[in-house]
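Two complexes, one shared chain (subunit A), two partners (subunit B, subunit C).
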Partner chain A sequence: MTRAPQHPTRRPGAGRIARSAVTRLLGGGSTTVFALLIVIFVGIFTMNPAFAQPPSMLAFAKQAAPLVVLAVGQYFVIVSGELDLSVGSLVGAQVVIAAALIDGAESRTVPVLLLMVAFGVLVGLVNGLVTTVLRVPSIITTLGTMLVLYGAIRLWTGGAPTGALSEAFRRAGRGGIEGVPVVGQLPWAVLIAAAIAAAAVALMRAPYGRVLMATGDNDTAATYSGARVWRVRTTAFVLSSLLATVAGILIGGFAGVTAQVGEGLEFMAITAVVLGGVVLGGGHGAVIAAVGGALAMEALFTLFIQFDLPATIQPTVQGLIIIAAVAYAARRRSTHPS
Partner chain B sequence: MRPPRALFVGAAALSLTLTACTTDLPDDEAGESPSPDEQDWFDQEEYEEQLAQRDIEPEGDPDEPWLQAIDPEYVDTSEFALEGADAEEPTVCFSNASVSNPWRVTGWITMQQQVEALQEEGEIGEFRVSDAADDDNQQISDIQAFVDSGDCAAIIISPSTTATLTPAVEEACESGAPVIVFDRGVETDCMVTFIHPIGGYAYGADAAEFLVDELEPGSRVLALRILPGVDVLEHRWAAAQRIFDDSELELIGHEFTEGDGAQIKDIVTQELQSGEVDGIWMDAGDGAVAGLEAFEDQGRPYPVIAGEDELSFLREWQENDITAIAPVYSNFQWRTPVLAATQILNGEEVPEEWVLPQEPIREDELDEYLDLNSDMPSLHYAKFGGEDLPGFPEAWQDR
Partner chain C sequence: MTVSVAASTPASALGTVRSGLGRMGTTGVVYLALVGIVAAGTAVAALNGQNLLATANLVDTLTRSSLLGFIAVGQTLVILCRSLDLSVGYVVALSSVVAATTMAGDPARIWLGVVAVLAVSALIGLVNGLVITKLRVNAFIATLGMGLVIKGYLDTLYQGPAGEVPVAFQVFGYTRVGVLPLSTAVLIVVAVLAIVFLRATRTGYHMYAVGGDAEVARMSGIRVDRPVITAHVLCSVAAGVAGLLIAARFGTGSSLVYGSGYELESIAAVVLGGTYLLGGRGGVAGTVAGVLILAVLDTLFNVVGVDPFFKDVLRGVIVITAVAIYARRGGGTAHPPRFSRGAHQRPPAPDAPPGTGAGPAAEHRPDTTRPARDPTATAKDHADPAGRGGRT
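Take a look at the complex of A and B:
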């Protein structure tokens, strides 16, 4: 029932090495998405060789960091068989709340950060408990949360954000360790995203991760084998909201507060996870592939800018990716039932 | 079993490439000569008129720019004059498109304070307001509700979009109450007065001409736009395109950002990685600071930039001694409609098309505007024109 998430596509008896390599490349798992990432990067480097320099690559990683963090959070929810549509609104709400409460005062940075974490946990708990205890489908629950947050923030601020973030608040998203050889500045955002990705991999290998995967695969079976499904899923929602809070801190830090912060990020995150070969409906896929999906999305949009394509094409491409990736995964599963 | 998979990946990749190619073509052309699509947004006569209006001395007191008018043609309003009991504290109704950006929030505060001043004088009684939150249908029914109530002595409308709101404005006109439209226009002239600053062409031209003057020939300019399809923004861009086409500047691209600081910073950072960016033209100043931060974070010299009169940008400009201009879409226009309403209800004549002055803030005025607004929040607009109103400055600080 539970399968090791690292090798979701390897079938027993797949013999020759070459054949196995092809399987891994096209199998839709983590190898596929990283192969795609390499292809996109080759495209970027061809267009613009200057991009291959370490400082440029790190600047890219810094931009991708918030999406990586969001994708990890979304991965927990998706692999448990649910969806979290509220993360984009939550990122926006957190940044707007932070700007209004800090209002430029350095001394308020830490208390406001703690408040944001508490708010993130609260939103995750509500999402999780409404979904598991009240049995409202998560797509509705989190759609509701998304609208509630969006509307509440509009109501509270009168439609446009107020206040300002402090320098200390912005350090995580904007600053870094200066004077590192070769790369110059090592951004905090990259370190934070890398640490979160590593922790997520470790968590998926821990008992909680196995139960989470089993729940997504078949929650009835998971219940019979002793898992408390409601608790496992609620925790996944809390993790997602917490990581959305972290992403909010990084995005707010990166670029400051504007009214549009966070808009559309839920679909960016879902696309990233799906692109990583993680199956909607739960139970299959590796967290590292979701990270790869986030990097590939960000790289793809970088490539678009190199091609001088208008940013308005992004939603179209995202839509194509979601459909293509899900159809691909569905086909794979129907051809090779596990 | 393998080939179909490979095919699928190939098909997906191909479809992405194809979408990429088809959009690439018109985009390239846009840099050279306007595509038919963009010509729809360009009206040569209107363009020349707006550019000329910038040099016309407006009529009226320069200390009260919100009551000034460029080339006004006055209309008689005696038919709307209220008499007797009706003239006592008449109800004025206002249908607002939204307060969904800092510019509108600033203006909305100014309008409320102006109403307060007029209420103290007894010129206005109740001020009835509905906010459509950028929803055309909502605004249409808001206006209908005003008409149906029969309580409105005058109706002020700030339309959310031009074409869709036109029938609703006409319906308001038919109700007999004087109608005042401001900011974005509608396709009818049934209202008593249409109040607006000079307009988008002048705004875009102010910004583009500054870049042409300040940059060496061959310099690379990046254009950052909020979103396509909004007339005031398209006009700004159409004017800038004309001016850049006739210049020796190299336009390296125009990108839509939705006014999102994170996207602006992303795009500017990436453009900086693929080459020099000497100048930045923006169709609105939201997020100008995020764009400048991209230069700071990369350790690159600041570009010559056209932002807007939002204080965050003005402060960044002063602090870092940037070569910049702040084109202005006069925020003080939010005072004019309520003043116009009382003038009309008193039977005083008003300009049929009330064109307000629209002067960019240049370097020599920067310090003065920053001093005047030193206690204002960063998302406030310098030319809000409410310094003499009740509640100043607290009303604009606590938002």
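Take a look at the complex of A and C:
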């Protein structure tokens, strides 16, 4: 339903195509978020024409990259019918772990990166297995993981993050390919986020993605069709934690180490996914729409800056927009079940 | 109508014994756990040369529990309806500011402040409820959005403490009779009222029915929106009372208390108290025990001198463990995604790992709590294609 309607089998007339395009754009589904994105960008360009320059756009993309990565991870979990509240804490934990273990030594970058990946997989496995095997609702499981990570990291570092990141570590978040014509620097973060988005699209078309979608839609039916629901969902949690690790690497490189890093990111990611028309409860929505949702969120914050709104009013507008977007999508679901 | 309504509530005559056992059983376990934790805590404290049951520590425990208690009692009603309120922390902060700025240090304006807080919080709850039921925004997003709206308002207008609470009202925060703080006494009254409300009023019964299965409740003639809206209004008002308590304790309105994470903590307390996160099962008595467990642990950690960050770790582990145990005890009802309403609801699914199988889970499910399970499943099987976009 949130997916774009299927093409009719008979050859459509021009009017029909136009109508179907309008339906898609306004339907509250995957395409709508891109329409919203374009509207926001038109707003930004009107306020500040200089923003349309490629370097500014790339800077925007670079800033949006971590949220895009997190949204893709959250998408896997949400579409399988669950929820991951632990990603914000995990991002914070990973950055703090990296800083404490690398402690400025370039040579330790790669081993620590491997350790972080292993830690991410471990957190995802715990989330997934507790949710599926012990049957604890995922909101409680991941809330628990969030508390545990939050406390454990501060316990370990004594309240304030210690150490420093190495230059090599920060390159992913800060650096890029220099000397690219037109745009200047092509940031690694943008390339990484784009690659992850492309891989996610491919994964959702692969058998795993189909089973994941079926599981979120109706896990009873999926079980009867031979899907190992617990394994599929656990994998989704592991993917989410892995991508949170990647986002942590990008954010750590971009913004450095603070005690607050990662705070509130779980709700940002969930909002982005939902803004993309992905239904909480699973089984509906495209991964590319979740990416669109993340971009729309970041664009919205950029627009706030252009309007010179006090930063403190941002949550209010953000809250109103989420409610409006979801209500809009729900209105269509309830009135025209097509 | 009355018959079918009764049949779809846990307290039906049909299954009084079994559901009584099932429900009271969980509450019993929670109180048993509370007693166990108090006993173990007293022993641990004694080993450290402290007395957990000393007056100061008892007062500390009860004072701690009253604030979270108000919020959690309200959250219980919402969760019983298969909804969720993530805005309570912000309502608490807003209420403390509204109370302090309205009272403005003038004892004659105390009643005005209380009325203003109750009105504002009820209005917020009403909006939450209406957005969830009429606009069909799922509760997670609706209340998260409402929380953000309030946060933006508070951040923009109040950067620090605001207003002043007259000394006469601060008695709400500090007075105590023996070991019993006034705020805890008020909490007990509120909790008893909530229990009576759930057990003895039509709306209370309807909350269980709607939370158990909205579709069956609707087919039984219940206006399913009303209990949900009522629950959200009552939940926000309870959070408003918690805000009054904060104002009374601090002597001023503090907009920053929303950072304390009351929304998630209250949900943790509710599920720790044995209420089923997917609605329809549980009660306020369990929640009070859940709140007390968290408060006793907090006091114990303070007395023994545990690192505050270690508290978070333990708290997370305890909540997960408790819910895992309930999931096992409660017949291992597999959890359907909780974030769905209306056409997206589906019957609980046997997503057990291979080997455990669906059979035992289905057998163990206390069928009395959801007597109309089968009709639901059938109704949904019919409803699904239409609701899911399959009508092509």
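Here is the rule we use: the second predicted complex is superposed on the first by the 320 of 338 C-alpha atoms of A that agree within 3 Å, B and C clash if a C-alpha of one lies under 4 Å from a C-alpha of the other, contacts with A are read in each partner's own complex, and residues count from 1 in each chain.
Basically, contacts are C-beta pairs under 8 Å (C-beta built on N, C-alpha and C of every residue); 3 or more make two chains touch, one makes a residue touch a chain.
Remember, it's a predicted structure, so these values are computed and weren't measured experimentally.
Trainee: In the superposed arrangement, does A:94 touch subunit B (first), subunit C (second), both or neither?
Mentor: neither
Trainee: After superposition on the shared chain, which partner residues are touched by A:166: those of subunit B (first), subunit C (second), both, or neither?
Mentor: In the superposition, A:166 touches no partner, neither subunit B nor subunit C.
Trainee: Considering only the touch criterion stated at the top, classify A:317 as touching first (subunit B), second (subunit C), both, or neither.
Mentor: The answer is both, since A:317 touches subunit B and subunit C.
Trainee: Under the stated touch criterion, which partner chain does A:82 make contact with: subunit B (first), subunit C (second), both, or neither?
Mentor: In the superposed model, A:82 contacts subunit C only, not subunit B.
Trainee: For A:260, select first, second, both or neither according to whether it touches subunit B, subunit C, the two together, or no partner.
Mentor: first
Trainee: Which holds for A:240: it touches subunit B only (first), subunit C only (second), both, or neither?
Mentor: Once the two structures are laid over each other on A, A:240 reaches no partner at all.
Trainee: So, does A:331 touch the first partner subunit B, the second partner subunit C, both, or neither?
Mentor: In the superposition, A:331 contacts both subunit B and subunit C.
Trainee: For A:31 in the superposed arrangement: first (subunit B), second (subunit C), both or neither?
Mentor: A:31 sits against neither subunit B nor subunit C.
Trainee: Pick one for A:109: touches subunit B only (first), subunit C only (second), both, or neither.
Mentor: neither
Trainee: Counting contacts the way the document defines them, which residues of subunit A are shared by the two interfaces, the one with subunit B and the one with subunit C?
Mentor: Correct list for subunit A: 154, 159, 310, 312-313, 316-317, 320, 327, 331.
Trainee: Which positions of subunit A touch subunit B when the two form their complex?
Mentor: 22-23, 26-27, 32, 47-48, 50-51, 56, 59, 63, 66, 154, 157-164, 174, 251, 254-261, 263, 302, 304-313, 316-317, 320-321, 324-325, 327-328, 331-332, 335-336
Trainee: Under the definition above, what is the set of subunit C residues touching subunit A in their complex?
Mentor: Result: residues 131, 135-138, 140-142, 144-149, 151-153, 155-156, 264, 267-268, 271, 277-278, 307, 309-317, 319-320, 323-324, 327-328, 332-340, 342-344, 346-347, 349-354, 358, 384, 386-389, 391-392 of subunit C touch subunit A.
Trainee: Which of the residues in subunit A come into contact with subunit C in the complex?
Mentor: Result: residues 1, 6, 81-83, 130, 132-137, 139-141, 143-148, 150-152, 154-155, 159, 215-220, 223, 228-230, 233, 267, 270-271, 274, 279-282, 310, 312-320, 322-323, 326-327, 330-331, 333-334, 337-338 of subunit A touch subunit C.
Trainee: Which residues of subunit B touch subunit A once you look at their complex with the stated criterion?
Mentor: 1-2, 4-6, 8-9, 11-12, 15-16, 19-20, 23-24, 27-28, 98-102, 104-105, 108, 133, 227-228, 253-267, 269-271, 273-275, 286-287, 289-290, 293, 297-298, 312, 377-379, 399
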